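Each of the next two complexes has chain A plus one more chain, namely chain B in the first and chain C in the second.
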Partner chain A sequence: MKNAPELVCPAGTPAAMRTAVEAGADAVYCGFQNATNARNFPGLNFTPDEMEASVAGAHAAGTKVLLAVNTYPPAGKFDLWKDAVDLGARLGINAFIVADIGVADYIARTYPDIRLHLSVQAAASSPEAIRYYCREFGVKRVVLPRILTVPEIKQIKTEIPCEIETFIFGNHGLMVEGRCSLTNYVTGLSTNMDGVCSPAAEVQYLRDDDGSTTTKLAEFTIDCFSCTDTAGYPTICKGRYRAPHRDDSYYAFEEPISLNLSALLPDLIAAGVDAFKIEGRQRSRAYVRKVVAAFRTAVDDVMADRPPMLADLLALTEGHKQTEGAFKTKTWR
Partner chain B sequence: MTQFAVRDTKAPSGFFANLPAPVLPLFLLQPLLRRVVRRIARENPGMFNRLGPHRSATYLIDPTNMPFRLLLRPDPENLMLRAVSRRSAPAFDAKIAGKFLDLLRLMDADEDGDALFFSRELEVTGNTEAVVCLRNALDDVDGSIAERVAGMFGAPGRASLSALRRAGDRAHEKSKDSL
Partner chain C sequence: MDAKLTLGPILFHWSVDVKRDFYARIADEAPVDTVYLGEVICSKRAPFFDPYIEEAAERLTRGGKKVVISSLAEVMLKRERKSAADLAEIETHEVEVNNSAELFHISGKPHRIGQYFNTYNAETMRYLAGRGATHFSLPAELPRDSVAQMVEAGAALGTPVEVQVFGRASLALSARCYHARAHKRHKDNCQFVCEQDPDGMKLTTVSGQEFLAINGIQTLSHTFVSLLAELDDMKSMGVSHYRLVPHSQDMVAVATIFREALDNKIATQEAESRLCALGFPAEFSNGFWHGVAGHLRMTGTSAA
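What follows is the complex of A and B.
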């Protein structure tokens, strides 16, 4: 008999957490209002008081709370991460999501009874790397980078002693996560240490007279959308650039497109995936409600051997485009 | 904080284009808007924390198919929400522009702001961080702000909101069909 995978859903605010719980999340993931998590966006995330009330509310509904402390502490600033972990443990969170080995070590030694999940920010994609984290820190689950095919995931599952979580919707995320320094190069702030990719304070949208919109990050122009173009997030990896070998500007790294694995759910379950993650703590309650409800229905259908009902989520995707990315084939682009 | 001056004075278009321009003179609208913003602020004091330093920012909310725009300063100590004519050029820190019904769906937590941005139906200019803070502050308010505002005006208010929502749903379905 198949084990039902856990549906792990984003919660950027207390209201979003309540929405995810009501929409059928098995677990929610969230973070504090500081650099300890990889969505340290202005006005987002939880104060300690909000976290306490939200954890209690989620637990009352039978939903687990996973705390993201998945950034990398710079030298001399470890106390911020230690305080976040201590507070999370005191509030009764069900698991920590970590990337840094120092943070993992602190949790493993101080709170050995609380589960450790290895964040995608650790970019552990080989059985050897994953086994290291399991052996040294007792990691119970790995969130795999979005660069593996379903057969590769199935093979990895046979070679590691922990659960596997895969993204099923949201950011396509092909950079080697936890290592990307593009934002740092342009703004001086680090995605991996400050928890913010393309800080909003450095983003400017300039409307041109012809109705097109130019996107700038700090002093760099990263894209220009004509009136008829769809848009994406203002990240360097999704910008269009000119290069000597091209006549036109083009997506040199990634393009604005979202991952949507709804059609691959049966294959992923058959491959032994233990949990499905929906990306998007920065998104609204409307996004959370629609996406969580759609995947709740689809997962339940698959588990009941019914053909999955796949809601149309295209309107919520970046650039109004979706892909199964590397999960389907490594030549997706 | 850099302030911008309004340059565009384009005429409204779309759903409301055929409505007679302001049925209500703006000076009659101002006390209603003051009442609305004070009520929302009183009922949701926690939302201001998410605005951080941007609570003193001036936001220009531009329902592009309405005959007026709105100026908002979400500072609990110095609240302001007032309608301004399309002919005026108020200074602002950040501007959010979109069709009236899309903005209503955002307030209703029925539409995702990023999705509207991706489809170019929502336009943001000026201080992007101020816009992100306002979006997150409003999104953390449980229930529907639009519903609470409508409730302030009793049965006629609620009936008007229902009619607007139906119009919004029809417009939404139509735009999905055309994708």
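What follows is the complex of A and C.
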């Protein structure tokens, strides 16, 4: 008998949380409106009042709420993270998602009865790294980096004492999360310390005379699109650059492409994955509704040994291009 | 407090001969107190120099340097996991931990925490010190005010704090090798193309701006961090260890300049012009330290 994996869905706003709950999420993840979480974007996230009402609403529907407190507090600002944790505990959230050792230690000591999930931002990609956090802080679940193949995940599962959560859909993260200062190098805002990645306030789309569009982040050009192409959002690791021995600009890190593991769901369940995570707290309610509903049906189908139907999801992927990334083959590396 | 100058691990794929010559010269001529050895970036490179680490360590020790072995920043594959386990058994040298897999094995014994381990606050320092951490090398992106608080915490814990003052800043790590990708290969058949770029492969924007440097799975700043103008401030706040990241230019000269600047034997301006004269392939930057975009160079009153 297979254990049904938990479907963990993005909740960037109270409305998105309601939508995800209605569409069949087993759990939703969210954060407060500040640097304490890794999606600290304008217009996203929850005020304390919104969080209180939203947690109550989700719980009434039987959906768990996971609070992301998964950035790295720089010395001098630790109290902001403590406050987020204290508030989350008071509102009855079901688990904290953390990366920083200081934050994990604070939660483990102060709220030993609340579950700790290790964020992908902690970059724990080996059994020993995961066991370290389990041993020291009693971590109950690890969110695995998007860099492992299914056989590697299966192997890790046999060597760790906690649950595994893997990303199955959305942004295809390339850099080791929690180890990337590219945005800070360009803009002065840090992904680790401020929860910011390629901030919109620093983005420019410049139309050239020939109809092409140049995208910039602060003063650096990230890409250039001809008039027939749609200009993508300038994320540093998805831009085109030049290298000395290449004639043309190329995607030096990765193409703008989305992760879609729908075809691997049966394999991932067989590998022992306990929870599937859908990325996209910055996405619209319509997107959340469609993706969550599709994966709800897919997971239920797989559990009932029916073939999952997921063709519609391609329309929602970035640039309509999708990948199984590292999960399928290690030649991705 | 006595300001110590350290030489971080070589980040780039230099040949065995180049590394042996490099460490021999450092041992004899460089005014550095500590040298970190070992491959930090790519486990595929490690077998080349591993047989010579003891030789280099001995030479450096005879030259009056303290030797520390640095662990891999990324641990995922079998050989990397084994390397992490083996390193924890070393008794001849201190180990610098760059990944929590290493910490799993070494926790409880004395060890250093490296630049690639995320130590962002005093709470993390206190926790790690309670499990054997004796020394903290901080991430390159931490701004001055946070460093100041961590130095204070370190003083209370008896754990020195180390800050990178020279060399390209590490900006990102990946499971994917971007050197191999640039050469239309992948990690498993990379043929060590990274050896062609002793200071990293230059990435330029389509507008012609020099932007980043690729070193296998690592992405670094194009600019070279230089905190010469900040040394006095760092000393007065109690930073005890100053790290130089090795590059292919004259590192003995770099170390000498920083040593003389730390000892106030030369003024900042002279130190900077001597550093400039060594001919680095990029501008200097200090933005991270000043809490602004890392590629920037703040000067004069704007940097105060």
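As a working rule, the second predicted complex is superposed on the first by the 323 of 333 C-alpha atoms of A that agree within 3 Å, B and C clash if a C-alpha of one lies under 4 Å from a C-alpha of the other, contacts with A are read in each partner's own complex, and residues count from 1 in each chain.
Following the convention adopted for this analysis, contacts are C-beta pairs under 8 Å (C-beta built on N, C-alpha and C of every residue); 3 or more make two chains touch, one makes a residue touch a chain.
Small disclaimer: the values here were computed from a predicted structure and weren't measured.
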Contacts of A:284 with chain B and chain C, given as first, second, both or neither: first
First (chain B), second (chain C), both or neither touched by A:227: first
Partner chain(s) touched by A:131 [first = chain B, second = chain C, both, neither]: second
Which superposed partner A:241 touches (first chain B, second chain C, both, neither): second
Per-residue touch tally on chain A - higher for chain B or for chain C: C
Which superposed partner A:201 touches (first chain B, second chain C, both, neither): first
Which of chain B and chain C A:72 touches, first, second, both or neither: second
First, second, both or neither for A:89, with chain B first and chain C second: neither
Set intersection of chain A contacts, chain C complex versus chain B complex: none
Complex contacts: residues of chain A adjacent to chain C: 72-76, 78, 99-103, 105-106, 122, 124-129, 131-133, 135-136, 145, 147-148, 152, 174-176, 178-182, 184-188, 190, 192-193, 214, 218-224, 237, 239-246, 249-250, 252-254, 326, 330-333
Interfacial residue positions of chain A with respect to chain B in the complex: 12-16, 18, 41-44, 47, 199-201, 203-207, 213, 225, 227, 229-234, 256, 282-287, 289-290, 314-320
Parts of chain C lying in touch with chain A, wherever the complex brings them together: 73-76, 80-81, 84-85, 99-101, 103-105, 107, 116, 118-124, 126-128, 131, 139-143, 145-147, 149-150, 153, 169-178, 181-183, 186-188, 201-207, 209, 211-212, 214, 219, 221, 287-288, 291-296
Chain A-touching residues of chain B, taken from the complex the two chains share: 49-52, 54, 106, 109-115, 117-120, 123-125, 128-129, 131-137, 139-142, 176, 179
